[in-house]
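Have a look at the structure below, then the notes.
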Amino acid sequence: MSNENLLLLAIAIPALTPFLLALFGKLPNLRDAVSVVASIATFAAVLHLLLAVIDGARPAISLLEVMPGLVLGFEIEPLGMLFATVASGLWIPTSLYSIGYMRGAHEKKQTRFAICFAIAIAAAVGIAFSGNLFTLFIFYEVLTISTYPLVAHKETPEAKKGARTYLAILMTTSILFLLVALIWTWNITGTTEFRAGGILEGHIDPALVPFLLALFAFGIGKAALMPFHRWLPAAMVAPTPVSALLHAVAVVKAGVFTMLKVGTYIFGVGFLSKTGAADWLMWLAAASILIASIVAITKDDLKARLAYSTVSQLSYITLGVALATQMGVVGGAMHIVTHAFGKIALFMCAGAIYVAAHKTKISQLDGLGRKMPITFFCFTIAALSIIGLPPFAGAWSKWYLMIAAAETSHLIIIGVLMVSSLLNVAYLLPIPARAFFLKSKDDDANGKIEEAPLFCLLPICFAALGCVVIFFTIGGLYEYLLNIPILPESLP
Amino acid sequence: MTGSSDKTTTNDKALPGAMLLGIDTARGGRIVTWLLVLICILLAAVEFVWPLHGYFEIEDQPVFYGWFGILVCIALAIFARIIGAILKRREDYYGSLSVSAEEHPAFDLAQEKADA
Amino acid sequence: MPEYYTPALAYIAAALLVPFVPKGFLRGLYLLLVPVAGVLIFWGLTPGTYNAFNLMGMQIGLMRVDALSQIFGLAFSLAAMLAALYAWHLRDTVQQVATLLYAGSAIGAVFAADLITLFVFWEGTAIASVFLIWARRTEGSFAAGMRYLVIQIGSGVILIAGIVLYYREMGTISFTAMELGSPATWTILAAIGIKCAFPFLHNWMHDAYPSATVTGTVILSIFTTKLAVYALLRGFPGTELLIYIGVAMALFPIAFALLENDLRRVLTYSLNSQLGFMVVGAGIGTPLAINGAAAHAVASIFYQGLLFMAVGAILFRTGTARATALGGLYRTMPLTMIFCLVGAASISALPFTSGFVSKSLILSAAGYDKMFYVWLALLAASTGAILHTGLRLPYLAFFGSDGSLRPKEAPGGMLLAMALTAALCILIGVFPGALYALLPNDVKYEPYTFSHTIVQLQLVAFVALAFAWAVGRGLLPKAERSTILDFDWTYRRLLPSIIRGLRRLAGAVWDRASRNINSRLDNLVAAVFQLHGPQGPIARTWPTGAMVMMVALLLGMTLVLTYL
Amino acid sequence: MMALIEPHLPALQVVIPLVAAPFCMMLGRGGLAWIFASVVSLATFVISIALFAQTYDGTIISYHMGGWAPPIGIEYRVDILNAFVLLIVSGSAALVLPYARSSVAAEIPAERQALFYTAFLLCVAGLLGVTITGDAFNVFVFLEISSLATYALVASGAWANKRALTAAYNYLIMGTIGATFFVIGIGMLYSVTGTLNMADLAVRIADHGDSSTLRMGFVLILLGIGLKLAMFPLHLWLPNAYAYAPSAVTAFLAATATKVAVYVMLRFMFTVLGFDYEFQADTLRMVVLPLAIIAMFAASLVAIFQDDLKRMLAYSSVAQIGYILLGLSLLNETGITASIVHLFNHAVTKAALFMVAGCFIFSAGTSSISKLAGVGRDMPWTTAAFVAGGLSLIGLPLTVGFISKWYLVLATLELGWWPVALMIMASSLLAIIYVWRVVEVAYLQPAPAGVTRKEAPLSMLIPTWIFVGLSVWFGVNAMLTATAAGRAASALIGSSHILWKD
């Protein structure tokens, strides 16, 4: 099968799975099997493409012209390939985990859940493979809409409120800012294609660049840049698999991925650093990193704390873009991977704790480590990875972001990254420490608690293992990321 | 080292460290002190028989190390008292966020009595 | 995977296997044998860098074997073995795993040829060691562990920031001697300074060490700080600033050591003071001084470990290490007392103990370079060490007033560990040549000159006399149940209260602002509703007349425009 | 056969429904009349497709009624713009009629249904006539035919709700005032130029130049048509008329009536009076543009607070007309393209949505939003259609609404009018609110106990979904509509440029 067809297949499988899911809605075992098989099939297709891309292939395909000059088309480049691999790859453990979680927590409407989940993955892969900003925007909105039912899943008043916030912020930012930015870009350059080195240089008054960048940065609400981050904690009312895959990996990473993509292929790193247009973004991202971390410390709700941690970590990637050097892009892209593994593990642990012990508050976790050692052990590993400690994956992405900050002589940014690590320690490590080393206040109630179902545990262990493995195999990832074109291709 | 002698019971005689019994009484203390005085005098005397040499002039002062040690001790005692007066607080000053006031947990220990 | 081989790997692999080794004799033996395996990896290798490879354009060297790394590696391995013996009774898998990881990380860091590897193991020591504190499983130790962890990881992130800058500046990450001067080197020095407990960066030690478990404290006392000394010797030999830092470090903990009630905390202060000697040695930087610092580090690992072991044994049997609760223990724990006295003699640098042969190297180095005040200060610090640890500590624990405690002698594992350590202290003291042969620089030095032996004996004897006299008169500060405030007050009390205040302020401002904004928003929504709601003028069903009015109005308006 | 018919297609387009109407009345019973009306509307649809195909490449068909050449005779003139509108009108009719079968049967007594379909055909004929004719006075005539039919159609909602009568009455008054204004305006143009043929008018006006009579004529036409197309604040008749008319009528009117009025406006402004007519440009920018922006917000806000689904959609229409007027008052090619493309896009979207409302009324017996709780479970297809239509209303990609918004914002950005671009986006955010309110109620609220609702019949669902399908299809592949609109816009501008140059 040609790479182009594989590309379409990688989007089509998750996009068409919902029909099968709807068909088997009444047969839970078959339905869940379909989910798992679809996730594996998608990943197989993506993996195939990954190998091709590593070999230098750049499959591209134009589906149709939506409006004169505006093409719905796909083109794979290293960055998008990376995101697609992460999103589709982590779909497999998450779909397994969903089985354990949704059944363990006795959630209703599991078919609707599975359907929307598959669509969201299709949209994420679509975003990853988008050949131009216009296509990307389309899938970006599909992703928003398809995750709304997932956030509102519980249908309680809180769920509705959270989902409303979720939708309101993502829609407002994307329509009010991102779409305008998109049309502006189209207006001045006559294209929305992603091109190495950017398309804007020479078309736009340098004085206006910061404004256009602002429209993009705030328009990509999924990147959760402060002050448009509120949707992320609000989305935590969703069932945990959603928080794990979508709000730690697919959706939020779609956001920061778009930031990276826009920075690299629309503005161009060179253009950004030449005009200094991203300076303000750098400071905002730095502030976002710190403030979100501080807020995280004050949260007692486990998922809320993890959500604010995500807000903070996402800004690392935005920071990588804003530093406007190759190492910044490499660090940011690397952080997409490393943070994905760490945060998905953390959320899965939170879900496992909820399924096994029905606890959502950190203050209730004392002594649980004895009952759920595997869960909390994996939590510790993932937390260390998020903090950025060796030998866990997070250390490397932080290293490259620091290198980028050093290259641009922003010592304060290095300081911010350091302080952020410590804040991460302060809000993440007390959780397993309390669970393992403090005594529970109500031992009787905890007496019956045991580990979450195997379907939950295995994905957790997988993700935690990923954090370790990536640390040692980072060389390959780094080599791969160097393929992201930074400079404009010389014209033939 | 006062007032503890009466606690010495016959039982203590059987304890493994019985050899030293009495060293913590006032008399024991006096004996130790005088023993030390004797040692000090001997060591000081050595200096006058075989001249010593060091790195600095000050070391050529008679019994420099002896009086220097005593002076430092006095200075330190005074300094420590001043520090103590300023910085000493209740044991539970930091509350439950410190181990100062809490007992060491029993599971980590094996408290056994010698006569048990 | 031979190219990934470092002694640390043996420890890490062993740590992963610990849970599968049956608890009890087998596991005890297993833990004893791991350091042996660790030593075998590097022992006998000719100096050079092994297992070097290129990672993302950076030259990584996992194992650099030279005299400096070998002596620290050997000392760490031996200490790890002794600690394992000391903890023979322990049945806590978490602590056993943590110990192996901790020791492995420290040894790995010592053999690191590049800064990245150093950083990896640097953080490794931070993470692994905190479990020894948390393993106490109390609120207090949890909080202390968190503080310790933040500071230790803080040291790590400062180090990585320094490495980043250094890499940027020099284009290499190899770990060699650096010149203090650029932001990079200052940052790296700061990172090392935290782990080395430089003044004002030292509080984690006094906070955390007494908060650990019985065995945990012994293990903690071995690695972290000596690793930092190693890093100073490797990275900043001959940096003048270190001399002054070291002098301050050697002096100021003395007063705290004299005041403290918790004997384990007394020992941390005395450890801190001893570290000062080593830092001075690194700062002087002559071959002799470097040798002195290395030798003193090795010696202090053992005598300080011995003291911690003895106090640990007391804690283990009595449930407390508070001086106020102890006293008169010589009756029932005479062996422990003897070993403690060996340790005390060593730290007092009594001739024929290890302290004497190592400390004199540093003092001599200062003497040769005619650094009078440094020399004098170190002498004063030595005096202090004799006073607070050599005399006061054993006195309070084993003699002093009889606390009427009659605990059993320490268990066999502990006694054996203490005995071996004590033997080491004395052996080094009697046969210094063996230690000197391992030192990094080839310098001839003879510690047992007649003058030197006599003056040191004089010093110890006169101080002992002064102590006996002062004790008889009750002139020394009394040990009381208390907390002595140290610099950590700034972040345990001052900073939180500032933050609380700021938070209250920010909260008030936020509340006010959000109330204000909310009420404005409410008003806006109300106004919008009034205008656009079902009964509002815009949504209402108007009578035909009103509609016509509207038409007329618009017509009028446009007509006006027509004639403009 | 084809060769015989083909030259007469423009005439047949209007004549067929016009002639068919009286026959329809004679058919008596509802069923037959419905079949007849459906066949007729299908025929007109086929004709309009043929016309569109002929003019797509820019050809202009000029058909002389009875063989009399203009300016004396009446000319039917088809270019891509009105072919496009013809397509909208006849296509809507062809799709609404199948839908009307069940809907009308539920809302209008059987004996009156033949009359209803007659009025319907008349209305179609009128709207087609307005669109196709090249004669200014003819426009007025057909406008009145369609309007009168419309009043009757609205009033036929009275069997369901008596208020339809007042609504129709109000509509009648306002419509008549509008028509009067319009005819006076035409009279003034005639007094200046002495001709009623639009092409001829254009030439003569250009020769004549500016004058206060011309200005008066323009103002009166603007207001007259403004009334018909529910330009804010002349929209007051619309919400009630739409809310109380039978569902099928609402769907049809929403898709066509206002759109044809917009077409007339475009025609008079840019073909007759000319793109560069300065007074017109000033009026558009100073009066119409602000009113359009106010409409976008005010009407959307009203929609947010409405409880009745049909009223909510009606107010949303007022807002959407705001977009159209905004586009044309920007006075650049992209803006006019946006207006024209939105004619189609909004027609498709709104027809679908009103049909959904009709389905709700049919199956659940209510269009009150609060009573539709949990309807997503009982009527999944209908509710899903609402969601799809709603997304288009918001302007999300892959729907036609997005295409319109794209061009509109592009037009403002071309002018550098930042704030306006942001205002367009902000007002679409209001659309999110009123759409999502329904979505939330329909899906996330439990159905009240004891209420049973069946899915709407296929005869209603299929047309609804065809409209939904169109709104998605032309959102995904907008080449046809966008190209047509673009060509129409450039033709409008191009023709007037030539005229005003000399």
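Which chain is which? They are A, B, C and D, in the order written, and residues in each are numbered from 1.
We take it that a residue touches a chain if its C-beta (ideal position, glycine included) is under 8 Å from a C-beta of that chain, and two chains touch if they have at least 3 such contacts.
Everything numeric in this text was worked out from a predicted model, so none of it was measured.
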Discussion item. If you average the CA coordinates per chain, which chain's centre is most distant from that of subunit D?
Written reply: B
Worksheet entry | Nearest-to-centre chain - CA centroid comparison | A
Practice prompt. Using the touch rule from the top, point out the two chains with the most contacting C-beta pairs.
Written response: B-C
Item to complete: Can you check how far apart subunit B and subunit D are, centre to centre, with Cα atoms defining each centre and the answer in Å?
Response: 103
Item to complete: Just give me the whole-number Å value for how far the CA centre of subunit A lies from that of subunit D.
Response: 44
Worksheet item: Just curious, how far off is subunit B from subunit A if you go by their C-alpha centres, in Å?
Response: 63
Worksheet item: Distance-wise, how many Å sit between the C-alpha centres of subunit B and subunit C, to the nearest whole number?
Response: 27
Discussion item. If we use the touch criterion from the header, which chain pairs count as touching?
Written reply: A-C, A-D, B-C, C-D
Worksheet item: Residues of subunit D touching subunit C in their complex?
Response: 169-170, 173-174, 177, 181, 212, 215-216, 219-220, 222-223, 226-227, 233-234, 236-237, 239-240, 279, 282-283, 286-287, 298-299, 301-302, 304-307, 315
Item to complete: Would you pull the subunit A residues touching subunit D in the complex into a rising list?
Response: 64-68, 70, 72, 137-138, 141-142, 145, 149, 152, 155, 159-160, 163-164, 167-168, 171-172, 175-176, 179-180, 183-184, 186-187
Discussion item. Quick check: in the complex, which residue numbers of subunit B touch subunit C?
Written reply: 1, 3-4, 7-8, 12, 15-21, 23-24, 29-30, 32-33, 36-37, 39-40, 43-44, 46-47, 50, 52-56, 58-59, 63-70, 72-74, 76-77, 79-81, 83-84, 87-94, 96-116
Worksheet item: Which of the residues in subunit C end up touching subunit A in this complex?
Response: 55-56, 94, 119-120, 123-124, 126-127, 134-137, 139, 141-142, 145-146, 149-150, 153-154, 156-158, 160-161, 164-165, 167-168, 183
Worksheet item: subunit B touches which residues of subunit C in the complex?
Response: 89, 135-141, 143-144, 207, 210-211, 213-214, 254-256, 258-259, 262, 315-321, 327-328, 330-335, 337, 364, 367-368, 370, 372, 375-376, 379-380, 383-384, 386-387, 399-402, 404, 406-409, 411, 450-451, 454-472, 475-477, 480-486, 492-493
